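Okay, got some structures for you below.
What follows is chain A paired twice: with chain B in the first complex and chain C in the second.
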Partner chain A sequence: MTASLLPQRRTRVLTKRPSGREGFKINWWLTALMLVASLTVLLPLYFTVAMALKSPDQIGTGTGLAWPNPMNWENFAAAYVATNFPRAFMSTAFVTVFSVLGSLACSSLVAYAIARNWNHRFFRGSFVYLLSAMFIPFPVIILPLIKQTALLGLDNPAGVVFLHVLGGISFNALLYIAFVRSIPAELEESARMDGATTWQVFRKVIFPLLAPMNATVGIFAFLGSWNDFLLPQMMIADPALQTLPVVQMLFQGEFNTNYSLAFASYLMAMAPTLVVYILAQRWVLSGVMRGAVK
Partner chain B sequence: MTTTSTVAKVGPSPERPAETNVRRSPRRIDPTYYWMVVPVLALFAFFITLPALVGVFFSLTNYAGYGEWTFIGFANYVNIFKDPAILQSYIFTFVFALTTTVVVNIVALAIALGLNAKIKWRTGIRTVFFIPMVLSALVVSFVFNYLFSNTLPVLAERFGVTPLATSILANESLAWLAIVLVTVWQAAPGATIIYLAGLQSVPAEVYDAADLDGAGSFRQFLSLTLPLILGYLVINVILGFKGFLGTYEIIVGLTGGGPGMATQSVAMRIFSGFTGGDYSYQMANAVIYFLITLLISVIQLRLIQRRGVSL
Partner chain C sequence: MLPSRRSLFRVAGLAGVAALIPLSGCAGNAGQQNGVTTLRFMQNKPEVVNYFDQVIKDFEALNPDIRVIQDFNEGNFVPGLVRNDPPDVVTRGFAKATADFVKKGIFADLSDLPAASTIDPEMQELISSWGQYNGNEVSALPFSLAAAGVIYNRDIFDANGVAVPTTWDEFVAACETFKTAGITPIYGTFKDSWTLAQGMFDYVSGGSLDSAEFFTRINAKGADISAEAAESFTTNFGPALPQMLQLVSYSQNGASSKNYADGNAAFAKGQAAMYLQGPWALSQLVSANKDIRVGTFPLPVTNNPEETKARVNVDMALSITRNTPNMAAARRFVGYLLEPSVVNTYNEKNAAFSPLKDAPPVTNPQISGLDESVRKARYYQGAGTYFPPSVPLHNYIQSFVYSKNGDQFLAALDDEWRRVAERTAV
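Our next item is the complex of A and B:
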């Protein structure tokens, strides 16, 4: 059921559609309309790049839309120092890497155990219990949660990892369970005949078969934790350990008017996910699609 | 494990049908399965359920976030209904969420229809439209903040559009529209993906038949496409509405809740309990907020069950 969607669509576009409707004709009016509409996305991005390359003088009182001449690359170096970029980057990378790994490991294990023991009350009950998180918005638990994590010494990126993994587990487990059910039990049986334990079956047989879902869960976890603002801002007590999005608050002070520095920093904060997305575009979209169809 | 499978086969007496054997499960469950679930359940209970219960508990006290406290029953709840600032935040949040849901769905459906049609450079255009999905909402809001407060007024002045010559973020009755706009920019791709999935589930033969009957493309959209993707629309509307009720980052990046308290969302109010000394009061607010989202979730489940859409 969850076979990659993009190829599926491509075949349909190539075979079925043209036979019926207006043949192979491309709708140029619609293409033009879509191109114009895509400017709503591209313009703000162009604007960010243009601003990041301006000196404060070039920004002046203009609209900020003009392309700077000459370009000021030193803004990036200044922003790099002002936000202590390497440290914020490492902190964000730490949260993201462990959130992704944790989400993959915990959700797939839980989903496997639940799906294979669906007839047992305990596992069915656990499933319903985990789903309850979908009905509890973060604002509801955040105040006691922060007190609790501070008490435990988890007011740091590690604490954020815990919350990212546990907060996403209901959605991720839901994705995995449907997928595990579609894996025929015979595949496991033969491994068990050869004397594999449940752990080995999971590691050697099931987890590799989950690859498409791993991609989907991994992408959601990556985007969710890299861009998260709420939890790091609220939970991480030490400003030196703050993540990239939160660090951007630095430029929002009353007295800050150094916009070239701010935009250079915004661009550096946006770049990692943007680059990953553009490089792995097809792969990311098919992964996200799989989550949407579920 | 080999042992469990043999037990399952040998265990039940021959006259018992195989089916009840599975359901009643006389076989022992491999303890490994418990090891896979129990630690996660324990962490989940500790980090998600416990804070929720603690929150409900403190909403019945006068705890300020520090120092001593006593039980005051439902006094916090009673006071919330008499608090104009809280009511204002609920009104703002609901109007905002409703408006944004409508706009996001119109925009997303339009984009999905465009991407699903026969256009040139489909992959490239699609790539561009989904970019907002991968960007941090906060950073995006900072960029738009400058556009609204500097670029737009300069342009408006140049073209003589005086109402826009001052920043709309500083305008008490217009600032919320800026928040709607940026939220739509950020949230439309997610909804578009769900609509694309819906549009691709419509078999092409349906359109071939409509073509034969001579239905125009608008007619086809109204009488064919829309009814066939109604389930996806329901999902988008409800998921969207629930998400927009909790809006926070984009407001922080654009107005910070201002001007005055005009754009303060419920979530922002609740978070203020952390520093504002009205911890228990905001916890009561959080419980009310939870009940509202729970009600919406129940409606969601009902609608989805009736439509037969799985999510």
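Our next item is the complex of A and C:
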């Protein structure tokens, strides 16, 4: 019905590539492809869940695809106790929450300052300077960083937050700067006409318009921080403050791995990531149009 | 431009200071508080955390003025040194990497510790042979010795009427018996190249050659080696290679696509009679099949049973870091760990050998077959452990096992060794 109302040119394109909207036809080839592609996520997830529920003697038998019977729910309890899960979880959550908030705040401020002062040489130079940080492989500088943070009393989760925020600035600012540029300067000028200060312009006009990019940066910062292993492993001096990915090493000896406990623990550590990813992903999709100018 | 830049710096400076003030409060290590000394104990085996938790609890009950924090995150050891705040007491597997720390004087001298005199001098020699700081210091005391040989399935041996071989000929005859009976003699896991290095390479070379003496000679020779030299791999390891290839021929078909975890699962299910692995595999075998009856014997590579030796490594060695502010407490803790009730119990529970002179004989049937070799000090540290990490030995062994080209293998080792020696020559 609606198809007949469409301009001629559009219909021709649509007849070539039938879409759901035109004739309620499903592209089976593409759907099949997507289904296969989704296996790359679902299959490992299935293995993780199945492995977490196996007893040690069920692990070695069969192809590994079989669902364990009976299921060993006590793996979760054992992993929970062995890793001191609540403590490690709180430590990881502390690092992650503050890394995400810090990344959003710092990177957007940096990006706003650079994007709106592009005609100043200093700001153009600082953009290049920040970008150049992306070319330095992290493991190269980790030992000097450890020395430095120890001198500053930052050999703890707070130091990890600090470095996560700092390390993320170059990539996040790159994302933000491109986005800030797409926000028309007229919006800002109108706010200034109403007497807004630079801070108010940023806080009331620019930052809300950055929402889709905030979601993107937030997801990157969350995943990077939640899953980070190397930095907490080497930087946090007090084992009581260690984060989940490091504590989970407990299940991996040099020659023996306790697979079922390890996977139960991974699953528990993964749950918040999954939840946040699903929620935030929706938000990105809905927020794509939010920056549009009327 | 200038004022804006200055204000920018001011803001940055203020933000930096503001960020640091609250954080410095929670830093600073409480070494001593209310007369209680806090020790940090870094141990290298995550799988025995629970055992040490109990040991620490007992120790703290006897020593109320000391509190011990256990840390199994060994990756934090070097960062600890970098921030000049290493753990007070450390256990490490003792081989080349730890020996490098010893040579730099990271660890304190423990020779005057009363417990040091209770250690079997032969086992102490396994550590000091890597080099001593100042020529005479004892930087590490052995805590646990892992002895490796051939793990065998007792049920399969009994069912085929095969006795534990004590000579190479008996070993070959046993393999032939299993082969005829349709049983895989040796389970190979060639995909994990380290299993080839610690297995057939170390066993055959260690049994036929004095590896410690060989590596002392080749290290002394430096970059000056050629294939024809008396110190070369070509000259010394050549005779061992045919025996390695014979071991390969007794492995199952498709061994090249099996890794260590596959091997444990398959051997636990009785798919082969023998398995060239160390005691670390035992717990994996039992967890996969709790009814399995296994034993271990040292691989005989000559026809003189007196010459048969076991491969050992110091799985855990105790050290105290030199600059610890809590030296007295650390020494008390190390002394406690080396009390027979602690160290013997640990080794008994973990299929390892106690380093004490008067340790009771091992009764664990899984490793009792190695007891005689260990007690008579008929053992060696694997040749593979002497290689610097910059020589990809494991890969060379793997490609030798696949290509069976021994000359090429040994020539490559000679070249690699020379290359590294040239580069690191002082």
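The rule is simple: the second predicted complex is superposed on the first by the 215 of 294 C-alpha atoms of A that agree within 3 Å, B and C clash if a C-alpha of one lies under 4 Å from a C-alpha of the other, contacts with A are read in each partner's own complex, and residues count from 1 in each chain.
The definition used in the following text is that a residue touches a chain if its C-beta (ideal position, glycine included) is under 8 Å from a C-beta of that chain, and two chains touch if they have at least 3 such contacts.
In this text the structure is predicted, and so the values were computed from the model without any measurement.
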item	value
First, second, both or neither for A:120, with chain B first and chain C second	both
Touching partner for A:240 - first (chain B), second (chain C), both, neither	second
Comparison of chain B and chain C by chain A residues contacted	B
First (chain B), second (chain C), both or neither touched by A:181	neither
Chain B versus chain C as contact partner of A:250, first or second or both or neither	second
Which superposed partner A:153 touches (first chain B, second chain C, both, neither)	second
Chain B versus chain C as contact partner of A:193, first or second or both or neither	first
Which of chain B and chain C A:141 touches, first, second, both or neither	first
Footprint overlap on chain A, comparing chain B with chain C	120, 122, 143, 146, 162, 234, 246, 251-252
Residues of chain A touching chain C in the complex	56-57, 59-60, 82, 120, 122, 143, 146-147, 149-150, 152-156, 158-159, 162, 233-237, 239-240, 242, 246, 249-258
Touch list for chain A against partner chain B, complex	5, 8-9, 12-13, 16-17, 19-22, 25-28, 30-31, 33-35, 37-38, 40-42, 44-45, 47-48, 51, 61-65, 106, 109-110, 112-114, 116-117, 119-120, 122-123, 126, 129-130, 132-146, 148, 162-163, 166-167, 169, 189, 192-193, 195, 197-199, 202, 223, 226-227, 229-230, 234, 244-246, 248, 251-252, 259, 262-263, 266, 269-270, 273-274, 276-278, 281-282, 284-285, 288-289, 292-294
Chain C - residues contacting chain A, complex	1, 5, 19-20, 23-24, 26-29, 40, 45-47, 49, 69-73, 75-76, 78-80, 82-85, 93, 260-261, 264-265, 268-269, 278, 280-281, 283-284, 287-290
Complex contacts: residues of chain B adjacent to chain A	1-2, 5, 22-23, 25, 29-30, 32-34, 36-37, 40-41, 43-44, 47-52, 54-55, 58, 111, 114-115, 117-121, 123, 125-140, 142-144, 146-147, 150-151, 154-155, 185, 193-194, 196-197, 200, 204-205, 207-208, 211, 242, 245-246, 248-249, 252, 266-267, 270-271, 273-274, 279, 282-283, 286-287, 289-290, 293-294, 297, 310-311
